[in-house]
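As written, the chains take the letters A, B and C, and residue 1 is the first residue of each chain.
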Amino acid sequence: MKNSNPILSMRNITKIFSGKVRANDAVNLDVHPGEIHALLGENGAGKTTLMNILSGYYRADEGEIFMHGKPVLFKSPRQAIENGIGMVHQHFMLVPQHTVAENIALGLKGLPFVFPLRIIEGRLREFVSKYDLSIEPGARIWQLSVGERQKVEIIKVLIRGARVLILDEPTSVLTPEEIDRLFRILKKMKAEGKAIIFITHKLGEVLEISDYITILRKGRVAASLPSSAIAQKEEKAKAELALKMVGREVILDVKKKHVNLGDAVLEVKDLLILNDRGSEAVKGISFSVRRGEIFGIVGVAGNGQGPLVEAITGHRPISGGGCTVTGEIGYIPEDRLNMGSVPDLTIAENSILTQYRNSCFSGHLFLNLPSIQEWAKKLIAMFNIMASGVNTPAKQLSGGNLQRLILARELSRNSSLLIAEQPTHGLDVGSIEYVWKSILEQRKNAGILLVSGDLSEALALCDRIGVMYHGKVTIFTGPFSNKIEKIGLKMIGM
Amino acid sequence: MGFRIEKNPAVPSRMVVFSFSVLSLFLASAVIGIIFLAYGINPIRAYTDVLSKTLGSFYGLSEIIRKSIPLLLCGAGLLLVFRTSFWNIGAEGQILMGALAATWAALFSNFPDFLLIPCLFLFGFIAGAVWGFIPTVLKSRFRISEVITTLMMNYIALYIVLFLIHGPWKGKTMRGFAYTDKFPASASLPLIGNTRIHWPTLIIALILVAAIYIILTRAKLGYEIKVISQSPKAGRYAGISYFKTVFWVMIISGGAAGLAGAGEVAGIHHLLRHPNQISMGYGYTAILVAWLARSNPVITIMTALLMAFIFVAGDTIQLSFGLPSQIVNVSTGLILFFLILSEGMMRYRISWKSKEG
Amino acid sequence: MELQTFIIDTLSRALAYGTPLLLGTLGEIYCERSGVLNLGVEGMMILGAFAGFVTTYATGNPFLGVLAAAIVGGSASMIHAFFSITIKTNIQVVSGLAITFFGLGLTGVLGRGWEGKPLDASLPIIGSPFLESIPVLGPIFSGQSVLVYISIGLALILWFILFKTSWGISIRSAGEDPEAADALGVNTSLVRYLCVLTGGVLAGIGGAYLSIDYRPSWTQGMTVGMGWIVIALTIFSFWNPLAALIGSYLFGSLFYLSFKLQPYLAPELLMIMPYLTTILALVLLNCSKTFRRRLGVPAALGLPYNREEK
């Protein structure tokens, strides 16, 4: 297969967001006809950005794209489509109120002006025979299952004559049976000579179906090799590759003092949670967190961590099983800028966001402004927050200082359970150490649930680690030094 | 050289907002000047004349203050509502319901004389608040856009008033005119001297502005409004209920508009008459009052006076030059156009860059 | 016999009075289907009424009057389109209201000298002995202005375009999910501009019908709130041009009935009906999720679309 010319080459693609974040950094990618090319990487590794550049949504700041060896420049999705590149987005771009046929006909060239749907219905029959893609053209999208919606997306792309198909995390929303069906369809398309780019963060899943694998990490290509080369390798080598993706860099030296364990502050039993679409995001998991311990939930984003935290904090209903919290919850949310804080409000106002109802800060109608000011000053002093004053807007704080403010607020709540979601994501080393120290300190008063996508962080801090994959959890107990590979493999579903 | 219109991420400073607003007013008056020219009137002369008869005369000034009362009440209330991103364009209907309830209190209730005026305001407030409360329920229960419901309810209020003055409440002493009977003297608000400034309503309006200022700076409700208006997600995180907040805000805003209606009937007309004479579009103009003031309730005092000035100027133009009073609507429309335009210009910037080779 | 005449009269007047409502509603349906809420219908209608009257008076040609109304209404709508589609201000409500203020004000100022002037030329009336000989339908439909027929034809055509053509798919998608439409290369801005323009043109013509045909004269504020009823009707007809046909004539008949039934029933109570029924229709619509999805509000109504904002 390698001796054919690539249908698509991306050379030195670089994309910089808002002047500083390098989402893609000199990325090269070659895709051949009749090849299923898996593009692996964690969330934020730059996979989707790269594919958005390829499908004309973004423009690369540097680099070139070649189709059949000729340079091309896509200024809009339409141009990419005309050049035979079609993308099936992770979040389907379907109009829910419209029928299948209407969605397929939208923007499609070469349809008659009147009664365009009759043609669509005819063309749909072709797909049934060719790829086993059967679908009811008159059905409305909102009536369809997720798997069926995906079919519509694939048909939409194929009917536009795509020769390169990009599938962005196509399996993350599917049931095992649906995944089987999807793989059968992909194989048929491959036999037709189409090139398929398969974005995923699950190595285990694509090993059998893909021909070539490219791993992205932090915007760069970390590895690029034929799947056959991996499949034959030993377990140890596979794990090595997996860790290339999830990362195991410098583990900062963390001194953990011994703390006596107390009673369980969080008890999760056979917990079942549905996501917004109504499918199971968390599939009957059980674990408990005791006072004095740090329990880590690791996993690639989108494996049920979000709904789990929402359910524990009471922002999402529980569909089965139980979840008991003893006492109050302190919660450091992942989204510090829009959830954990209100950027336009002052530091003082942000310092009471979760506690403004507390009788120290407000009466029946009014806020107790002096005590809020004093409180904010106290937090700034205690947590070394660099700020010009308590009445400056929170948006003027640096990322690390904003996180300290949120940390300060949540740690000072006397809660028995602290949930910290990606508490060090995007922070500098100094702030990371500070956050870690504070969390370790908090063990004296509380049990801690640390949700992190960063394995090294979890390894450094946690007493026990639960790896979440597809809504299930596998628990590992420390010390972890000889279990790192196993944990890494579990994270990517192997 | 080519140019590109980009989103300007920086929040415009107060000075920029202020100067853009002033510029909008200036441009709008320039366009009005063209209309004067078209009618063969020297715009400079027209403007000096208008200024001397409004700002330059005692009567003109008193009329500006009188017309600013309902604008201030509605505008300050709307400012609070708009901070929650709830598009209440129903102040007009809330004014009418307030006027209606006050009329009922004045004509048909049996309150003792000394209680009549307080009751009249109280009824006005309650009626306006109820009229504001219904769209809140419709939105929280049925997710119906408040833009539509508040608008529809303006018309429902209008026809209810029309029905009453043509039917059951039609005055027996009014010789066939579509008015109610005149209010008893005990239901008429006191005025300042020989002006038409009904000072109790003015004081209520100023108290309301102060109260809204205090709500926004010191009250728990204000804190909740600020959080949900900046970030609904943070609001949920902090456990703030959007609808509960909007509920209280709409009670205040609807109630304030109701007070305005009560003030108009009890202070100016002393009877219930055709809705267009009671309100003259105060409820719609108040949207502009609130919007011009951006987020500071104290500034509504200025913007309400400004819009009242435009109203009185319209009357003056009508009297002095024989131009229709509709010129007020033209200027309101123009000011809005230029303000929206400047809003857009503040949020975008044009960046020039030489074309890549 | 008495009753039959009454019904025929009512229906005949409903047709006449419902026509400006129908024209405005058809336009607003397109506008909202593409995702833009335009509260400036009243302003565009009155501008159209004035432009139509003046042009017809000056040229003696009512068709030129209708054309002028279409151009003026369309131009006014372009202001709204520019604000809500290009500048993408999140304040479509304010911009629509501004057009209404402006339109009512400008026509009030400029129209002063035109009040009370008679209009000699008028649009042709469709009527023939053959048409009149058809029982019941004949007397209802004959003697109506040519615009009545055009607007009925327009409703059918616009319905067909919206639901049976590829344009219709693009329009509805722009209002439901501009992101999806954009992904497939549909120029959502262009689609929205054209739909807002359609709204303005039809509102303008609706106004012209009032001033040239229904009551051939100019009076300040002669649209008497019809633009707001159009907003209500758009919802009442669930954004469907065929239902707009029924809704417009239903509301049109209310106008006639409120006048005719005055001795028995307060006209104001009948005039409340359009607004009240619209709110009730929305409540019913939103009671059932399935129902809402089947007929529902264009999901992206009133929201500007910006590709980079993802």
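As a working rule, a residue touches a chain if its C-beta (ideal position, glycine included) is under 8 Å from a C-beta of that chain, and two chains touch if they have at least 3 such contacts.
None of the values given here were measured: they were computed from a predicted structure.
The greater number of contacting C-beta pairs, out of the two interfaces A-B and A-C, is seen for A-C. When chain centres are defined as mean Cα coordinates, A lies farthest from subunit B. Averaged C-alpha coordinates give centres for subunit B and subunit C that are 28 Å from one another.
Centre-to-centre separation between subunit A and subunit C, using Cα means, comes to 47 Å. Listed for subunit A are no residues, as none touches two or more other chains. Residues of subunit C touching subunit A in their complex: 160, 164-167, 169-170, 172-173, 176-177, 179-186, 293-294, 296, 299, 307. Contact residues on subunit A toward subunit C in their complex (touch as defined above): 57, 76-78, 81, 89, 93-98, 102-103, 105-108, 111-116, 140, 142, 156.
Interface of subunit B with subunit C (complex): residues 7, 35, 87, 89, 138, 142-145, 147-149, 151-153, 155-156, 159-160, 162-163, 166-167, 284, 287, 291, 323-334, 336-337, 340-341, 343-344, 347-348.
Listed in rising order, the residues of subunit C touching subunit B in the complex are 37, 39, 43, 79, 83, 87-89, 91, 93-95, 97-109, 111-112, 220, 225, 228, 231-232, 235, 266, 268-269, 271-272, 274-276, 278-279, 282-283, 286-287, 297, 301-302, 308. By the touch criterion given at the top, residues 218-221, 223, 226-227, 230-231, 233-234, 236-239 of subunit B touch subunit A in their complex.
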